[in-house]
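Below: one structure in structure tokens.
Letters A, B, C and D name the chains as they come in the text, with residue numbers starting at 1 for each one.
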Amino acid sequence: MDIRRRNFLQASAVLSFAVMTGVLTLEEAHAAQAQWNKELFDATDNEGVFKALGAGSPEKSDKVKLVAPDIAENGAVVPIALKTDLENVTMMAFLIPENPNTMTGMFNIPEGTEPDIATRVKMAKTSDIFGLVKAGDKYYLAQKEVKVTLGGCGG
Amino acid sequence: MATRPMRIRAKESDGVVDVKVLMAHVMETGQRKDQDGKVVPAWHITNVMAKCNDKEVFSAQWGPAISRDPYLAFSFKGAKKGDKVEITWIDTKKETRTDTAEIK
Amino acid sequence: MLRQLKKKLPGAIAFLLIASATGSGSAIAQSADSTQEGIDDYRQMLSDGGNPGDLLVDTGKELWQEKKGPKNVSLQACDLGLGPGVVKGAYAQMPRFFKDADKVMDVETRILYCMETVQGINPKDITPTVFSKSGEISTDWEAIVAYVASESAGIAMAAPQNHEAEKAAYERGQKIFFHRSGPYDFSCATCHGAADKRIRLQNLPDLLNAKDAQQAYTTWPGYRVSQGVVRTMQWRLQDCFRQQRLPKLKFASQASIDLLTFLAVKAKEGKMAAPGIKR
Amino acid sequence: MKKLHYAMVMASLSLAGAHSFAQPLTGTSDQDVMTVLKESFSPVGDVKLDRLEQSPEQKACSDMAATGQAIPKEVMEKLLKQAMASIKSPADKQFLGDWKAGEKVAQSGVGLQFSDKPGVASGGNCYACHQMTKSEIAFGNIGPSLLHYGKNRGNTAQMLEYTWNKIYNSHAYTACSTMPRFGSAGILTEQQIKDVMALLFDPASPVNKE
């Protein structure tokens, strides 16, 4: 049996177990997906993202710390993190305007969750990454350039 | 149907639970062409949800620019060692997967 | 200053900040050193987050235990050199001479042999699909090898040089390592025979130096970030020869076994740390 | 080792066996190694098994690297002379082409691999081993830095010819150089070499301007 088939069986098993114990329903997953903001992910520049979020023009803040390497050995995997001292944070996001779609991912921060997240993103080329934070009803930005280099033997 | 188990590490210290997750997913962008020059359709995780003690502690919406085999780290308060963190994802093909880890 | 920063900051973000602090501010032209620092920081961030290759190890373990082939048995009866069913530590003691096959075998050649002899599967049905192609997910083969290698994690490399055939494999492997041919005049040693060399930004391990050889050998199989899959040593050799402008190295071929014997012996005493994480 | 070699050839004639060598395999002569290599590779398209065979120079260089023993002086001189004799100056005596085309050649690492589309133009892959401009930070260090090459050396007839020769067949100056013989081995065309020359010498090229 190949990996795909076997893991499907396994996944079904996990799911039915989860549904049985009432911790998760497929409906919940689908309901969450229904919230996926297409306009937001279709945006091709920061302005488009701000518009889709109703974010106005976010101000730059040194309280927002965007952490990314100066140089990425491979644009397919760029580790990034975002953290802030601001209060009442409800949302954090990473924007890369030079990518085909500017919005990479939006992270909701419920009460009790720290405004401190990390992930890995793809970058089409050397460019700026923006970290966006919603605190209260205002939006704040941080910015950093990441150089994407060519690697390997060349062919 | 290619779902493989996630790796979830959840550690509590001083009342804060640090969660690190690795998920197995191709996260196809919809921009790449295969060897015959045909565009490979987009196929990526759109939503991630995390629960602990029946409370949502984290959620995210993702586009195709999150890296293949995604990594995610976040932290939250209000749980103790031995509690369970559940992570669920759903992708553009409506495949979904849930895995659970005990807080250590 | 950087150290202080690190102390003050909690959790995942601390070491990440070091990277941004080293180069934040003006866009001065990068010197070779600061480029190298930047790359080192990038790699550190990657390895802290966790290696997606680990995800494949669990799958490989299931596959190892799965009943398969005409004989409908699992690979658990496979003898990797330490007795049937013993996986722990086996990778670190290969390639080695196997009496049943009357031949020196590296891990992958041996697993192929087990699939043939234990499970009754024709190797010709396996070899064309061992390596994942561009854009695909890792294959069953890559998962199995990742699992077997992971079972030697922390164990020191000790590929034996006792049998005459093991010594001969090493000798031939050494000659193959230095064999210059093809339109580019490349040998393995062209890129891997001198200290502190880089191609583009990739450090090239000097495989004649014990420390470099250990570091390189013990981190394969490795998750290739650029390809999103786990690659094995047989793949590594085949792809090196491709870029040497030579023909295609056959999977589990004698030359691959000879070269792997040479490299494994050079990596003696290095502690296995596979799957590693690679560019 | 002759006996063993014979056994291996006989074994390789058998169709069925997955392992075509007489076992256990204990031969280690150069001939044994060549037999092993030929058995272990398969041709793909234009990339045939003859690429595994060595020229006398390749053999001498391999032996030197493996044993650490220097090549005898008279052999060395012969190698240098042969390499020099293989070099062809540009037919029109013009050494310099277009630096922008040269930059593309310097960046590209494809060509002559079995994975390349047949007929694809080979690159020079200069950045794999050399620093050339300030803007390209992804450069290797197998060869020396060529930053400000023309600016530092000037473009005298002598310097142009030396550089041409070096690219065409670096072995004319350094026997067993690791740098491919871009002209003599037919990797780059005459025009491509001119373009790379322009990248190195043109005052407007980023090699000299940055």
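Everything below uses one rule, namely that contacts are C-beta pairs under 8 Å (C-beta built on N, C-alpha and C of every residue); 3 or more make two chains touch, one makes a residue touch a chain.
Please read all numbers here as calculations on a predicted model, not as lab measurements.
Trainee: If you tally the C-beta contacts for B-C and for A-C, which one comes out higher?
Mentor: A-C
Trainee: Just curious, how far off is chain C from chain B if you go by their C-alpha centres, in Å?
Mentor: Roughly 27 Å, centre to centre.
Trainee: Compute the distance, rounded to whole Å, between the mean C-alpha positions of chain A and chain C.
Mentor: Each chain reduced to its C-alpha mean, chain A and chain C end up 32 Å apart.
Trainee: Could you please state the distance in Å, as a whole number, between where the Cα atoms of chain A are centred and where those of chain D are centred?
Mentor: 45
Trainee: Take the average of all CA coordinates in chain B, do the same for chain D, and state the distance between these two points in whole angstrom.
Mentor: One centre to the other, that is 47 Å.
Trainee: On chain C, where are the residues touching two or more other chains?
Mentor: Within chain C, residues 11-12, 30, 35, 49, 59, 137, 191, 199-202, 228, 243 contact more than one other chain.
Trainee: Which residues does chain B have that touch at least 2 chains other than itself?
Mentor: 2, 4-5, 68, 71, 73, 75
Trainee: Please output the residue numbers of chain D that touch at least 2 other chains, ranges allowed.
Mentor: 113, 115, 127-128, 137-138
Trainee: Indicate which of the five shapes (line, ring, star, complete, other) describes how the chains touch one another.
Mentor: The chain contacts form none of line, ring, star or complete graph.
Trainee: Report the complete set of touching chain pairs.
Mentor: A-B, A-C, A-D, B-C, C-D
Trainee: How about chain C: which of its residues touch chain B in the complex?
Mentor: 11-12, 49-52, 54-56, 58-59, 133-135, 137, 228
Trainee: Quick one: in the complex, what on chain A touches chain D?
Mentor: Listed in rising order, the residues of chain A that touch chain D are 71, 147, 149-155.
Trainee: Using the touch definition from the top, list the residues of chain C that touch chain D in their complex.
Mentor: On the chain C side, the touching residues are 29-30, 32, 35, 97, 101-104, 116, 123, 163-165, 168-169, 171-172, 174-187, 189-191, 193-194, 196-202, 204, 241-243, 245-250, 253-256, 258.
Trainee: In their complex, what parts of chain B are in touch with chain A?
Mentor: Contact set of chain B toward chain A: 1-5, 16, 29, 31, 46-47, 49, 51, 54-68, 70-78, 86, 88, 90, 94-100.
Trainee: Write out the stretch or stretches of chain A touching chain B in their complex.
Mentor: For this pair, the touching residues of chain A are 3-5, 7-8, 10-11, 14-15, 18, 23-24, 26, 28-30, 32-33, 35-37, 40-41, 76-79, 81, 96, 99-101, 103-110, 112-114, 116-122.
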